[in-house]
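Both complexes shown next keep chain A, but they swap its partner, so chain B is in the first and chain C is in the second.
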Partner chain A sequence: MTSYSKEVIADLVAGTLPWPQTRRVMSAYKDDDRFFKYVAVLQDRVGWKDPILLPVSDHLFICQSGDERVTKCECGHSFGDYRKNWKLKASIIVRDTEESLREIYPNSDLPDPDWMEIREFICPRCGTLHEVEAAAPGYPIVHDFEPDLEGFYREWLGKPL
Partner chain B sequence: MDQITTNPIVIGIDAGGTMTDTILVDQDGHFKIGKSATTPKNEAEGFLASAEDAADAWGISLQDLFSGVNVVLYSGTGMLNTLLSRTGRKLGLITTKGLEDMILMGRGLQAWADYSYADRLHAVTHHHPDPLVPRRRTHGVTERIDQFGDVILPLYEHEVAAAARKLIADKVEGICIMTIFAHVNPVHEKRIAEICRQEISAAGADILVYTSHEVRPVIREQSRLNSVLIEAYATSRGRKQLKGIEDVSKKYGFKYGVQTLLSFGGLTSINHPRLHETMISGPIGGILGAAYVGKLIGNDSLICSDMGGTSFDMGVITRGQTRIENEPLMDRFKLNVPTLHLDTIGAGAGMILKVDPLTKKVSLGPESAGSDPGPICFAKGGTEPTIADCDAILGRLNPHYFLGGKVVLQVEKARKAFEEKCSRLLGVGVEEAAEGMIEMLEADANNALRRVISGQGIHPSEFTLLSYGGSGPLHLAGCSRGIGFKDIITFQFAAAFSAFGCTTADFMRRHSVSTQIDIGARAGDDELQAFGTRVTAVWDDLTKAAVDEMIADGHAREKIRTVPFLMMRYTGQLEDVEVMAPLSAVNSPDDMRKIIAEFEAVYAKVNHRVSRYGEAGFSITELGLIATADKVKPTLVKRPLGKSDPVSAHKGVREAYIGGRWHKADLYEMDLLQPGHEVTGPAIIEHPATTLVVHPQDRVHVDEWTLLHYTHA
Partner chain C sequence: MLDKPASALRIRERLIESERLMEETGCYDGITELELRNQDPLKFETLHTKLRAYCVSAREMARRISASPGVREVGEMVVAIYTPEGDAIALSNGIMVHVHTMSRFIKWMIRNGYEENPRIRDGDIFANNDAFIGTVQVPDVMDVVPIFHSGKLVGWAGAVCHELEAGGITPGGDVALAQERFTEGLFVCAEKVGENDELRRDYVIRCERNLRMPIYWVLDEKAKVASCIDMRESVKGLIDEIGLDYWMQVSKEFIEEGRRAQLARTRQLTVPGIYRGHTFYGHVTKGKPGYQPLGDPDWLYNMPIEMEITTDGKIIMDFEGTQPWGYHSMNCTPAGMDGGMFVTLTQHMNFEGLVNDGAWMATELKLPHGTWTNPDSEMVATATSWALLLPAYGVFQRLLSRSFIGRGFVEEAFVGQVNSPMIEMGGTSQYGSLFGMAHFECAAAGSGALAIKDGLDTAYVGWNPESDMGNIEIWEQNMPMFYIGRSIVPNSGGAGKYRGGCAFLSTWLVSKTDHLRLVTSEHSSRVFDNGGMCGGYPAPTCQKHRAVRDSNIFELAGKGAPLAHHTGTNPHRSELEVRLQGEHVTMEGPYITAPHKTGDVFTHSYNGGGGYGDVLERDPVKTAWDVENGFLTKEAAEGIFGIMLDEDEDGYPVANIEATRRHRAEMRAARLARAKPVSEWIAAERSRVEKADFAPEVKKMYASAIKLSSRFTRDFSDFWKVDARSIFMPGAKP
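Our next item is the complex of A and B:
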């Protein structure tokens, strides 16, 4: 029943919607068509035509590329099939020394690099930082999640793919 | 009431968030009311439209009206709107070093006050009000005064001068000064103000300087800070609006100055030095009116309830005592302005109704459609169904007599939207759903009333309920059902009762200072004498300040009456009661004992006599003084009771849906009801500005003051 214009959703995504309005949106019942408007706003932002199916992070999307469904950066770089962990094809910075950790925590305590390392996953083409994970040294790269796209569209959005 | 030959002597005008109400009163207590939409941009427009509406009802021109009256009272929304829209003065702040972040930190409750219960629970929605002074224009200066008023660190004057110069360079329009414990000893605030004024004149600038001890020297830093900031921030536009009101009044021949209402229930001229004390004035009128009606009907325990478009305000007078709230909220800022205490819940005819399509949960508000766009049936662009739409759908509101026919209600339009957005989702009929929504609103108000009464520790059967506000009578039956009030009263002038209440107020000043006087339970004569001397010295200072202000406002000294008061508690308690002193000075230990006895009497009245606890000793936390001067007041006329048959007011029959089915409800014109008349439900009693719904078998009778008494079957 609740519904907002695409412009309002665009402002919301960009973080430019004024606070009183943002709070009204937060307090109201969820708008039924939010997901599709949200995706439409993102689609306008990216420079390519493949339809976005699901946003993965701020600048990373699963999209329909021909017959394939791939994970794609906003710049257009493809990380391949969405069921495979896209992180494996990203450029990775591993911070596992005091010196490298100090670069991001210049004024505070550091994690112990023997117990924890920080991995930064970066688009090899445009250099956007897509994801950061903290894991114990030696722990395999985490596969965050593998979405059930068919089920999500059919059962939650009511519009089968 | 038809042939009025006299002219009105008082115009009371109350501009609410939605409507501006006018009441005209003559010396014999005749009155007429007028209504118009509030015009926040230029309040004078709404003021004039509303006054004209009332003048029409009286049958005179605006010129005749304004040239004949002695008093024009106006309580408006100018300052509140300045605050809400953050369009006030550009300010700077000088404070004690270390307290610079006080504005940003605020009080925790300021982040969620006014929120719905659901939003209070969801911390993600919490948000501090936007600060009135940005951090970069807040300067800390080294100084410290402790809680006893002793100087611990001297004022570093070079820091003050540097801060003042920075603020002047920043082109501020006002400099606020608030240092810690300035209410105990203002010496540093005074010196800071002096240095600021020197710097300002050296720079040739035109900047106002405000100090917290002058605005109100009362304990609690955050509220004192907020008060001085809001006074500096919002009052210039507020004063301009009030000046605009005075100008149009004078244009139509008014000879005197316009008066406005203080939050603690008195009148003052629009030149009042602390104009923020008039910000919370609208609903206060209702309590004053209630006290007045209470005297008339001989009951001093009253609940007054005001239902308008947005909120349901409840005020309590317990055995003649009104309660003072010392730290009210204004746009989520805690202030330290003494205010007549009101309990408020979001419940009004403008409440927007929502049905969650997934869970079918119905929620009322808290948003209100206001007057613009208003409910759907107003056909002014509103698209969300409201309670008023339900009232229209159920035939309780007359589509051709709303505001006397000025707005024709589009019932079909409302019905269609309500069906689409509410009743169809719920899977029930339109009428059933609409009545259910109204019952929810009335149940909210009903529960709120029960809660307020149970907080008084007095049985509901002692209380008389006064119901007013544009939609008070419309929902009166449901709001009051089953509580067991002694009596339930509404008024022909219900829609303008707050404005009426304002006209019963006197000119007033209220000055007070914080103090800390602890009197042991077994204090000897010497101690009592010493306490008394301290109290008397403060009262003398306050008397001088208050009387000087009133004389400056044009009142003759011999007309000014002064009554000192104390805020007292049993030692160790957290809340004060306000005690009107039975003496004007304390000259002996026995005088002090009289004051303590008075405190115990008041305490027993507002709580219960068994709750007294003198063994703990007594604490005086605040000393104050109220100065008043009389004003001409309306008197309600008493007329003999006539026949009980209300046929002379009968104007037809209308289909109305009440209690699950359609009834043929008798229709009466409220203004034509005479003392003695009795109406039995189902019936609808209409007035251009309000509607009273009488449920089946319930009765309404009109007493000799022409007050309407509602009796549940």
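Our next item is the complex of A and C:
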């Protein structure tokens, strides 16, 4: 069975594993013990103790926080119950003018702000940009992911939550 | 005895029986045990590898027969081997999207009584390019031949080439101006086009008299037939070796194993749950010549996708809430939607083990009737359905990637494919003859970023994993234009910790013709039709065309003066305007205009991919390399990524790490100061929603989605706490 050390997984996640080795990881049979090593790597990275149950973005994690399961930023800011859309508790910058779009697209033709805007969802504590939506004005904010956390642990990982 | 299926049942009854067994047992054709695999796994794997080798070798041989640079250079071809019921057992590389669409074509013939009339006999050749029977669009022409052994139907061999000219209302293959089926070009509707391994002369004559450049289509037909015969003979030889009974059983076990492998891989790589995403497409044709006033000239489509991964490993994709079909060329049939799913799975999850129709059987598509994904009229045009398919399956790739990130397989997370606008052309060639061609250098867009590195620059499209732009010299042999530039477009990848792959732009001088028609498609210029992920931004929207008619380029060249080789980085004044005199043209959306002639200059830009992660985390050293090599500008490095660059003694950019750290701290503080709580934004935005204070195209999009989908209506109303129907469909009956 394929398996990698925690150090290799840490480098892979950080994007610092040399490309030839990364390429081999991509081409090889997948390592079935990846998930818990991955979580351990991320747990080392964050500055808090709440156990990570499931990463949901680059710096967002569902974790066990006391009796609650919450979505948490790497800085420790909690967005509340993991079953709710974390974006609704975030801060937002909306780019809906040519001037504000031009800041990100300095050389190209721009979308029409009457047809489309960019929404940046930001951690209100550390300022990390967690997600960007490109949507028509008035389009509801999307709830990206509702994991079946219980089913994942019980049926796929074979471990209790 | 010829013409009889291997089973005692006729093939139509056999197909129905196979589907019933799948329904009853949940396993392909009722194969609940992989007996042959368990008996001798090595023999099992070896046989499948042989079948794959037959396919790969047949395709490579056929590409040498073709005259089309699309097939020869860019590899726009795929071949596959099927069961008698039409399920794919093994396939080649290439445009794998068509493996399952061919399956639909074979099944369609079986269901429609082809056994009785026109009969299915050894040596017959059947062709199809009707998307409602089984393909994606008119230029995707497929040929299949039955495989008989000992007088029994034991399988099919099939091949598809993307034709560069289809004989539609506009030249080329992707007929941008088609607004109904009747202007898309030459249709071959599940037709017997040959017997005794030979194409019928009357069929070839029909092609020769209805296409602008028949050499491409006709030689591709010969290439496909050759590849089918090659595979057929190989399979017959294999059956001689292993026995007919073994073949009939093992071919089904291959598919059932493929189905099981897909389910297992989903359980291995992903996380169960509900994933959601969306993208958009904006079409702009107002005032352009040729478009009939059958629908709105400018429109906006939303493409919301909900993906469910169940705990048994099934992937279900639901397009509810999207837009109705329209009088344009971008509609898609369920066959095309299936194809998009299949080609995406083959790239993302089926990178090991058996790859065949089994993977498709482990998924489910929900395509709302009456939408562009499943039109309720078979008269609609699908000539450029990739325009919507690519953005939609780019969303699918991001949804899958979210699951890979959750599970820890970050090396597989990929921000996804993007549209790649195509140029079609026709008129008088540089040789003075009639010509027509699709320029396929578009098969090399920028890819989305990965979760661990930047995307591929000018090297990926979703429909063909062997993406390739082709050599300039080959394209120049086939069109009356030559390249005066093929350049990386700086900042064309979506910004992010890992940027999207960059696009390229070509600049041509029209030469040796007084009549060159240029038509382009797959342009979403008003809105992003791609996305970023985890904080990454979308790549820029599709760029405008810039051209110069009656330019003074020959005069400049005669003087040895500098020419324009690209459009430059000033969005307000292109290099063409700086360097060339003549009639300057800037056109948004599809390019459709009066013919060009010698001395005109034309540019066409492809698309980059979306970014991944927060821009303020981008590597300054890699960014300096990007600036040095023209993938990013110094201004973008500083303004978007907060990366300060100095110059070394030779003038090359080097990252100033300390200045970058300080600048990024300022940018982060500015970001926090500028942002407001989402709750405040929602409260303020709600009044705009209540007044429907939107552009007409945006209002129309909401009204159409609400009319077609109760779920969209409910979600919209719940989010904004409004009555969506009364806002966007005032007076409509509940």
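As a working rule, the second predicted complex is superposed on the first by the 161 of 161 C-alpha atoms of A that agree within 3 Å, B and C clash if a C-alpha of one lies under 4 Å from a C-alpha of the other, contacts with A are read in each partner's own complex, and residues count from 1 in each chain.
Going forward, a residue touches a chain if its C-beta (ideal position, glycine included) is under 8 Å from a C-beta of that chain, and two chains touch if they have at least 3 such contacts.
Here the structure is a predicted model, which is why all the values come from computation and not from measurement.
After superposition on chain A, the partners chain B and chain C are accommodated together without colliding. Contact with neither chain B nor chain C is seen for A:Gly47 once the two complexes are overlaid on the shared chain.
Within the superposed three-chain arrangement, the count of touched residues of chain A is higher for C, of the candidates chain B and chain C.
Seen from the CA centre of chain A, the centres of chain B and chain C span an angle of about 60°, rounded to a multiple of 10. Once the two complexes are overlaid on the shared chain, A:Leu110 sits against chain C while remaining clear of chain B. Once the two complexes are laid over each other on the shared chain, residue contacts for A:Pro18 go to neither chain B nor chain C. In the superposed model, A:Pro55 lies in contact with chain C only, and not with chain B.
After overlaying the two complexes on the shared chain, residue contacts for A:Asp32 are found with chain B and with chain C alike. Once the two complexes are laid over each other on the shared chain, residue contacts for A:Pro160 go to neither chain B nor chain C. Shared-chain residue A:Gly66: touches no atom of chain B or chain C. Touch criterion met: A:Lys87 reaches chain C, while chain B stays clear of it. For the pair chain B and chain C, the least inter-chain C-alpha distance in the overlaid model is 6 Å.
Chain A residues 19, 26-27, 29, 32 lie at the interface with chain B in one structure and with chain C in the other. Every residue of chain C that touches chain A in the complex is listed here, in rising order: 267-269, 271-280, 282, 300, 302, 304, 311, 351-352, 402, 405-412, 451-453, 489-492, 495, 497-498, 525-528, 531-538, 540-544, 569-571, 588, 612-616, 633, 635-636, 639-640, 668-669, 671-672, 674-679, 681-682, 685, 688-689, 694-695, 697-698, 701-702, 715-716, 719-720. Contact residues on chain B toward chain A in their complex (touch as defined above): 116, 118-119, 122, 124-125, 127, 354-358, 367, 421, 425. Listed in rising order, the residues of chain A touching chain C in the complex are 9, 12-13, 15, 17, 19, 22, 25-27, 29-30, 32, 34-35, 37-39, 54-59, 87-94, 103-112, 114-116, 118, 120-122, 124, 126-149, 151-152, 155-156. If you check the complex, the residues on chain A that touch chain B are 1, 19, 23-24, 26-29, 32.
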